[in-house]
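One chain, chain A, appears in both complexes that follow, with chain B as partner in the first and chain C in the second.
After this line comes the complex of A and B, so read on.
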């Protein structure tokens, strides 16, 4: 029986593993956390349908049937990956016939953009923090009370040369619209402002949701980035920005600032490119063999990719890539 | 004795051209000095400064003391050539005097004395002179040998990279390399035919006469002296157009510098003395992080000075510099490399827009009242942890503070200055200065070394003491106005910001503050040799990825100290280093504010 190692137990990795198992291949999943599931575990509802993230995760988990052919190793990372062998951070070496890298991405650390005051002012939170608040049903100000005015800032750690993140993280725009609607549903009287550079509604139903946010929910959209955040004497936040449509500088007092943090390539990718001769893009994400015909194939034979390890992707795309990678692995194993 | 032979012609032509060109250059530079500089010369020329300058000429132009300090092997090479050659000329002159008495002898008579008076035993002192001259020649030849060796293997002389030279340099260099070997050959052949010479020329002479024979040698006698004279002539003609102009130019430079002349934010005639005093030794290349960490090889000070001297300076070269001052620190001639680059930038792009800054009129967003003014600067406003910590420190010390720009204010002017827009910077400077005067502050504190430098150097704030926050905090601690909890087991490492350390000479104060909070672990390069964080506002040429590469290298060295926290005292350095490491990077004020005794 052939044996494939899937590195990363998020949605892409799990989907890939269940497809491989279905095709009669033995699979070992390597997961650095203590549990499978990945980032989706922290999300509340998924755009644009407001499907609970939990529902999607449960479905993917359900497909991954417990069998003697499936092994899961949690709490460890892969330090070297080839088609024949994967070395773990524990020093162990696992033999295999192919490997799939589905290690995903890292959330951008908002503290690096110190001017936005994350970690300094209590009511500056990230989009990930807000998802957690939604999950806990506890969206409120740090000092207690409900926000009357919230600013949502797009492109924090995306399209920003100053922090060496030139790429677009793709899903933040739509997340900002989704979270604005959710906030508005919670606090109908609150004013919600989105500060954006461009609104990129790339998926089906996204544009419609963006329009609905304006027509049905009266969410405000201001084209311009926030430059600085400072505290006011009454413990609110003052933001400075430029409204680039009117060409005027703008100051605004808000109760809460949500930073839509982008997707950063894993630091682990640099190690992979150095140790395993896998090609990496200048953005730090891994380089697939071909943008059209080899999206889940690496430049090294027998090593495949699935999900956001190669570029920012949404949940649906990541799950699809899990399937596609499994298919490519089978093709590769049959040729041997 | 006539003291003339045809072979002397190349030498004589060389000397005439050399001194004519030098005279023309120096006279025109001096004539164009601004009145202010002439006043300085007149007021200082009859003073101890002249004596001090003369002594420095001996130490530097002849002995090359500063190169010795940077690199002893390289120092020996330069000293053996300069001091050795000087002694050859001096002892040669004494020898002529000993033989001829005090009588006028033409220059070539001194230089080719062995040709004109080859015979041994003419004076009783001759063997002694021969011995001394041979010894000196050997001394110089050892330097030439090292120079040859340096071309082949620069690392052996402590240099990773050496200068790439222009055509005149190559001509002069080749001629210089051959002058002393050719002198050795000519004098040895003379000794072989006529006798005389000491252990070196005499010894080789005996070998030559035994192996080749005196008759065969006599055919080479005249050509050998022709070659020696030609090498000298070629060197002298190429010299004023090549890097060897430094041999003479360093002398007036040293005097003018002792008379307090300095380059300024706009180009002036004095700059020529600094430009042509550069020997293109290339010592400035190795410390340059653009070279060592980014592999950029054509922008270093040596190339900048060369390009500016030959009027072929391009903006992309002038702009590609961090102005970290690491090269200035090691320059053996002490050239003001940063200022020269700044005034070049000024000449290339100082296009003041009169209307652009009209909005500054009557703008005053300051708040609070007090004798102490605090100027955050734009970078501190972008690192609000520092601002918050400063507020806590002021409160703990019960200081009444006038906040200059908490709500945003005008730039200090330094970034414009660094980019060459000197006149626009003046508008910022005048605006801020008028605010400082209006609010009657006595002390101006800033947490940004970039602001600090321009406040101290360009604002001319009479009656207002300008302090970096590291100095201010240390004072508060020493006066007992701040009480700090010492954290046992807390380890810090410190990154010296360029504008604070090399730029303003502040090294000890931030260290003293850190030591009041916890243990300080020094990185491999610190103080004067500290690395630049790479994000300097002075460099508009490199991109963010290149800045990040430098930041990564700096952060690695800081992390190697195994300190838990990296401390710096510049908001720009903080932002830069944060990008390159996982270790926590904080401003000096943060560790103080976090550990205040309540």
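After this line comes the complex of A and C, so read on.
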């Protein structure tokens, strides 16, 4: 029986593993956390349909049936990956016939953009923190009480050369619109301001949701990047930006600032490119063999990619790539 | 007083906290479609008045939404109500209706 190692137990990795199992291949999943699921575990609802993230995760998990052909190794990372052998951080070496890298991404650390005051002011939070609050059903200010005015800042750790993140993280725009609607549903009287550079609504239903946020929820959109955040005497946050559509500087006090943090490439990718001759893009994400015909294939035979390890992707795309990678693996194994 | 040739400029910043947003809120609640503007500038590009004067419909209505009403009524008076902007607006905003609404709301300002 052929044996494939899937590195990363997020949605892409789990989907890939269940497809491979269905095709009669033995699979070992390597997951660095203590449990499978990945980043989606901490998300509340998914754009643009407001589907609970838990619903999607449960469905993907359910497909991954317990069988003697499936082994899951949690709490360890792969330090070297080839088509024949994967070395773990524990020092163990696992033999295989192919490997799939589905290690995903790292969330940008908002503390690096110190001018926005994350970790300094209590009411500056990230989009991931807000999802956590939604999950707990506890969206409130640090000092208690509900926000009357919230600013949501796009492109934090994306499209920013100052923090070595030139790429667009793609999903933050639509997340910002989704979170604005969710905040407005919770606090109908609050004013929500989205500060954007470009609104990139790349998927079906996204643009429609953006329009709904504008006209049905009266979410305000200001084109301009917030330059800095400072505290006011009454314990609010003063933000400054340029309203570039009027060509005037703009300032206002807000109760809460949500930073839409971007997707950063894993630091681990550098190690992979050095140790395993896998090509990496300048953004730090792994380089697929071809943008059209080989999105899930690496430059090394028998090593494949699935999900956000090659670029920022949304949930649907990641799941699809899990399936696509499994198909490419089967094709590769058949040729052996 | 002796004029030394120095002066203090008024701050140029739009201060949302100081601006009175009541009229702005009224305008948006009467015609919520105005919020759907994506700032493309099609209205200004096709504007008859804008090709002959400084009139910039996109800029004026954006300022009005931020609570900057100074001069907005006078600016809107430059509009000839030809309606070309409405024909080109990709978001389907009744721009001519917006001109009339802003003039009605800010007429006594």
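The rule is simple: the second predicted complex is superposed on the first by the 336 of 336 C-alpha atoms of A that agree within 3 Å, B and C clash if a C-alpha of one lies under 4 Å from a C-alpha of the other, contacts with A are read in each partner's own complex, and residues count from 1 in each chain.
The criterion applied here is as follows: a contact is a pair of C-beta atoms (placed from the backbone, for glycine too) under 8 Å apart; a residue touches a chain by one contact, two chains touch by 3 or more.
Fair warning: this is a prediction, and the values are worked out from it, not measured in the lab.
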{"item": "Contacts of A:230 with chain B and chain C, given as first, second, both or neither", "value": "first"}
{"item": "Touched partner set for A:216, first chain B, second chain C, both or neither", "value": "second"}
{"item": "Comparison of chain B and chain C by chain A residues contacted", "value": "C"}
{"item": "Partner chain(s) touched by A:92 [first = chain B, second = chain C, both, neither]", "value": "neither"}
{"item": "Touching partner for A:290 - first (chain B), second (chain C), both, neither", "value": "neither"}
{"item": "Chain B versus chain C as contact partner of A:33, first or second or both or neither", "value": "neither"}
{"item": "Doubly contacted residues of chain A, that is, touched by chain B and again by chain C", "value": "240"}
{"item": "List of chain A residues in touch with chain B within their complex", "value": "112, 114-115, 117, 120, 161-164, 228-230, 240, 282"}
{"item": "Touch list for chain C against partner chain A, complex", "value": "12-17, 28-29, 32-33, 35-36, 38-39, 58-59, 62-63, 65-66, 68, 91"}
{"item": "Chain A residues touching chain C - in the complex, by the definition given at the top", "value": "199, 211, 214-216, 218-221, 223, 240, 243, 245-253"}
{"item": "Footprint of chain A on chain B - complex, ascending", "value": "381-385, 387-388, 406, 408, 543-545, 548, 575, 578-579"}
